[in-house]
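Once you scroll down, you'll see the structures, which are given as structure tokens.
You will see two complexes here that share chain A, one where it goes with chain B and one where it goes with chain C.
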Partner chain A sequence: MFDFLTRFPPALVIPPGRYGAAGAGVIATRIEGLEIASLAAAPDRIEELRGRCRADFGLDLPAGPRRAAGEDVEFIGVGPGRWLALGGEGLEERLRSRLSPAAAICDQSDGLILFDLTGPRLRDTLAKGLAIDIDPSVFRPGDAATTAVALIGVTFWLLDEKPTFRFAVPRSYAPAFSRFLVASAAEFGCVVS
Partner chain B sequence: MSRLRQGGLIDRSRPLSFSFDGRSLAGFAGDTLASALIANDVALVGRSFKYHRPRGIFSAGSEEPNALVELGAGARREPNTRATTVELYDGLIAASQNRWPSLAFDLFAINALLSPLLGAGFYYKTFMWPAKAWEKIYEPAIRRAAGLGRASLEPDPDAYEKAHAFCDVLVIGAGPAGLMAARASARAGARVILADEDFLLGGRLNAERCEVDGEAGSAFAANAVAELASLPNVRVFSRTTVFGVYDSGIYGALERVGDHLAEPLAYAPRQRLWRIVAKRAVLAAGATERPIVFGGNDRPGVMAAQAVQTYLNRFAAMPARQIALFANNDSAWRVGLDIARAGGEVAAIIDIRRAVAPTLTEEARRLGVRILLGGQVVSTSGKRLRSIKVATEKGVERLSVDGLAISGGFSPNLHLAGHHGGRPAWKDDIAAFVPGRAPPGLLVAGAAAGRFGLAACLADGVEKGAMAARDLGFHRKPDAPPRAEDEAAAVEPFWRVGASRGAAFVDFQNDVTAKDVQIAHAEGFRAVEHLKRYTTLGMATDQGKTSNVTGLAIMAALAGRSIAETGATTFRPPYTPVAIAAFAGHHRGKDFRPTRPTPTHAWAERQGAVFVETGLWLRAQYFPRAGERDWLESVTREVKATRASVGLIDASTFGKIDLQGRDVGAFLDRVYINTFSTLPIGKVRYGIMLREDGFVMDDGTTARLGETHYLMTTTTANAAKIYQHLEFCLQKLWPELDVKLTSVTEQWAQIALAGPNARRVLRAVIDAGVDLSNDALPYMGAREATVMGGVKARLFRVSFSGELGYEIAVPARHGEALANALMEAGRGYDIAPYGVEALSVMRIEKGHVSGPELNGQTTARDLGFGRLASAKKHYIGRVMADRPALRDPARPSLAGFKPVDRVSRLRAGAHFTALGKPAAIEHDEGHMTSVAFSPSLGHWIGLGLLARGSERIGERMRACDPVRGGDVEVEICSPVFVDPDGERLRV
Partner chain C sequence: MRIPCPYCGWRDAQEFAYLGDATVERPDPAAADAPARFHDYVYLRENPAGPHSELWRHSAGCRQWLAVRRDTTTHEIIAAEFVRGRGARR
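After this line comes the complex of A and B, so read on.
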């Protein structure tokens, strides 16, 4: 680990600022204001759930690690019969009223911290932690993955071709995630905003 | 100076200064440390491992056995660095190693005189007696005398990191075959990674005088690299050694990011460990030249012929003034011709063969080079080589030379091809092993596959690169290979000069001589793996790259077997040494693993908490206040304040698992020993889970929030394990059950509020309209509510401390606000935040089991939960828990312990023996699991597991703690020390 990181206590998220070499190879922004909920459906209820999502949200629930986004809500496939939903205020109630009991719905708005990551050297930075291929020819906008980065379980998806990756990190792992990110992006210049 | 006036691939416009053993020297950008030393006429570079013989530079690559140096100074000092692979930089500091007091005069060189005593196996024979002397005398003495460099004992100041890369085709080695393989794959459209350990790509194209497509080999290589680097589907890694082949197309590689600089660039790592996932790979790692074994073949000035050629052509450095060549093959002749053409003096080309291709002999004669066919070098002399003796049919002749280039043929660098266990195959026509069964997806090209001509290497590279790409669906007719000539490459197997005088080395790095191989043979260590271990042939940093084949060829001859029958030793990663730090990457110091703060971490910090790591979590251990002398004083105050009035602790770290579905009740009945399907809505129940083998796995409380909705808590330590266990049960054992699991550990901050005034404090933060009365929310009740003006919350009336207690869960972002609100509300009650120490004291006072008792060796019955287990249902672990040994009443079971004299301190880990019995294992009856100073009782108390413990209340035992010197008489008592009837819980 780089010396400059020893200034920051390991239990705290690295504060906003510029780190490492000059430039902005990677820009990290914490996203607030989105509510998050987890959906879990028993195998025999998945079709029913799909139908309700189509009817009520106009969305096809992704059948794999993909993102399906509508106007007010988006779903990320995180496992067989499991999704993360993101949306505006009142998300949990909205989902529960339309999708329960086909799916178990749990509020995760406080359990997951969202970071948007972008910048010209982002893929080089993420390669230092992710053991999956995020080359633009392989991992395209709308693709998602639930995997580990630097010993931390995360879900992330690609929003656009800039590229902007959105990471959902368990709350208590956010400091470790920020340390991984800043250390790995230091040689390219890292901006935390 | 031995630097030639012109030529070479060095940048003469960028002079660099460096030092070796304190002497200031100069080189150029593009030099290695070895080439710069040669250019400065430094021939003596190190001392050998065992006999401290003077050694020089043998090779020009990563196979170097001799020229090991200490590089850098202070914290960056790195021993055993191969001078041949160190890229020169300005200010480089290098020192020779394994010598004292100096390189030129080394007292340990006396070992050479003792060499008759120090042969193979000498440790085993010499240091057998007395046995005690091994550790104290022999081993330290041997370690001082034998050995390599000194490691820096300071912390490594540099950063390291790991990274992942993915490709269709990985090409290992950027010589002629590798460059062509990469180009063919890339032009077909595959994603290609090309990696080479050198800082200049091109391999032998940079070291030999050759032409490819009408241009110089080095220019061709530079152009090919430039083309590859310009393609979007190609990544070129220089200074990167692919060191291992693992499962499923995973290759390990080490990139030396900053080793060619005095210090790594700011914010860049020194080295980066790559995990490359490749669908196909082409191994084009070239071949390594072998020495010939004869007396004095290790003298400084004796060098591999191809290395001489490399220093001459690539680095424009002439390794000696008068050079003889001694070989069994055509390649060495070209080295001699290169020397002569460059204006060097070639004393003679000595070839063991009697007939050599006329093209070579004619050219040698034309250049005035003397030829000695059917000749053998029988001895050498000089600290630095001064002369050699050559035996031919005409007799023995002494030649004055300061350089001798030797070549015993070439061994393909097939190491990686053997990493999955494939055995190499011997080929007589090239006198070398070639790869056998390679790992899946790995093709071998060029010299690594035993194809030694330049044209053959180029063509093989094109073919293998195209083949790898085609395999993956990238179809393109490969371009014709570039034009080049296949130079003569005849070889006659020859390993050892039989009639030579003096120590004849097989393995320079480990000082293994031909005689050692003879000893191993005579003593029965004839299998190659035995030969390696008995003589150390092929061990250490070079892993026998130059010596293995020669060693086993000599053994084969001694044993009267063919080399094919003798076989080769096993190839294992890494191909060349890799620093441990590179495997650790960023995960050092506090970043060894993630640190997980609780939702109230910042609040606890403001309260002055001392923190403790519990697993990954950082939890408040205790909250010292001004004037308190030690942790025990703080903890005692926290316990007293809680028992007398009220206290609070963050309990968010417990695992929290949300269970929803029609069958949750039935599911819980199967995973817990007790029944949960009957739990009323709004109630909490304590439960125990067993492993399949009948031992206790975990405990915790589960609340029923609705008809089909439960919330389970697990211990902090087992949160992930229990989730995994439940997931397994649902996916594999009972997929028919409608149960959906969700971890909500991170979502909820949970604060435990305990003490007689807990209700009064809670009332101040709970929103109006929530009835907290004993009737409305009794002990083991649960309900949803709102706190602090509309924040959704869950209330659980549970207690670990034994006091009136509530756990209040709020969404994690509100955790800190809740802690503040409770502190504010509790100000009038002297509310005390408490840490995990006080938590532990209170649970021991209450006889609640925790980690030390849930140790994987205890049954529910051992812990006093026998009656909790339902006899009316099946559950995981029930059958195995019924095994006779687990029902044995003599098993250690939970009991409480007090010191008889009440002032003694108890120690966890102490073992129980009967009074008057010695503290010996045969009298052991159990051990103390947890201890605490009980503020409520004013003395130390303990929980322990004692044979028939629960039946022996009132008896006395010895609690012996030989580790810390404790020996205390204790009284056995109930494990519940405080409020045994639980009255305080229900108020």
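After this line comes the complex of A and C, so read on.
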């Protein structure tokens, strides 16, 4: 572990700055302003929920760990009959008015922290903590995964081929996640913005 | 050892919580010999050398219970399916 982390308080998310080697092998950006909600449907309501999402949002709910994105809302498959929804202000109410009671809807905006990660050495960095294959040949834009990174439970998805990965991290684990990221990316140069 | 989750795909066994034997079935508590049957249900387990069915929960992934068919001598995973809905599929 490089010097900085031995001095930095372990309970705080690492602040914006440049860490480790010169350069920008990995760039991490905290995403603010998106609201998050969980959707859960009982097995016998899933088809009804799919129909409502199609009619009201013009989106097909993903049947697996993938992302479906529209203009002001996106859905990420996190389990059978379970999705994360992300969108602008008033998301929970918007979902509730259109999808209830086909799904149980619960606001998660204060429970999950979003980070966008990119950079030429990002995959090398994530490989130090992830046990799944994120090679571009098998993990494509729109693919998602719920797994553990450095033993921290996360859901993430690939936004584009740049690559930009968006990570949703439980709030109380965000400091540990940011430490993993900065420590692992230090040899490539890490920019937190 | 890796387990093919029907939702998430191949995942390391560390992502799963192990419960145990998936072959035992809860007896009818109204049956006349219920105490004896419950004794067997709670305490008696086969210990096969070879293919065995076990309950695993994908606790770091989709949070679903799986019935996993595993060879206890080689750790080969033969099959994995969701427990939810298994009764209906039988």
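One rule holds for everything that comes next: the second predicted complex is superposed on the first by the 193 of 193 C-alpha atoms of A that agree within 3 Å, B and C clash if a C-alpha of one lies under 4 Å from a C-alpha of the other, contacts with A are read in each partner's own complex, and residues count from 1 in each chain.
As a working rule, a residue touches a chain if its C-beta (ideal position, glycine included) is under 8 Å from a C-beta of that chain, and two chains touch if they have at least 3 such contacts.
From a predicted model like this one, the values you see are computed outputs, not experimental measurements.
Asker: For A:78, is the partner it touches chain B (first), chain C (second), both, or none of the two (neither)?
Answerer: Only chain C; A:78 stays clear of chain B.
Asker: Which one hits more chain A residues, chain B or chain C?
Answerer: If we count touched residues of chain A for both partners, the winner is B.
Asker: Now for A:131: first (chain B), second (chain C), both, or neither, which partner does it touch?
Answerer: Both partners, chain B and chain C.
Asker: Check whether A:43 is in contact with chain B, with chain C, with both or with neither, and answer first, second, both or neither.
Answerer: In the superposed model, A:43 contacts both chain B and chain C.
Asker: Could you look at A:147 and tell me whether it touches chain B, chain C, both or neither (first, second, both, neither)?
Answerer: Only chain C is touched by A:147; chain B is not.
Asker: For A:5 in the superposed arrangement: first (chain B), second (chain C), both or neither?
Answerer: first
Asker: Taking the superposition on A as described, I'd like to know which of chain B and chain C A:64 touches: first, second, both or neither.
Answerer: second
Asker: Residue by residue on chain A, keep only those touching chain B in one complex and chain C in the other, then list them.
Answerer: The answer is residues 43, 131-132 of chain A.
Asker: Of all residues in chain A, which touch chain C in the complex?
Answerer: 43, 64-65, 78-80, 82, 131-132, 145-148, 153
Asker: Which residues of chain B touch chain A once you look at their complex with the stated criterion?
Answerer: 157, 159, 161-166, 191, 265-269, 275, 277, 585-591, 593-599, 601-602, 611, 617-618, 658, 660-661, 708, 735, 738-742, 744-749, 811-814
Asker: For a test of understanding, state which residues of chain A touch chain B in their complex under the given definition.
Answerer: 1-3, 5-6, 10-12, 20-21, 38, 40-43, 101, 103-104, 106-112, 127-128, 130-133, 135, 137-138, 150-152, 170-173, 175-176, 179-180, 183-184, 186-187
Asker: Which residues of chain C touch chain A once you look at their complex with the stated criterion?
Answerer: Residues 7-9, 11-12, 14-15, 60-64, 82, 84-85 of chain C touch chain A in their complex.
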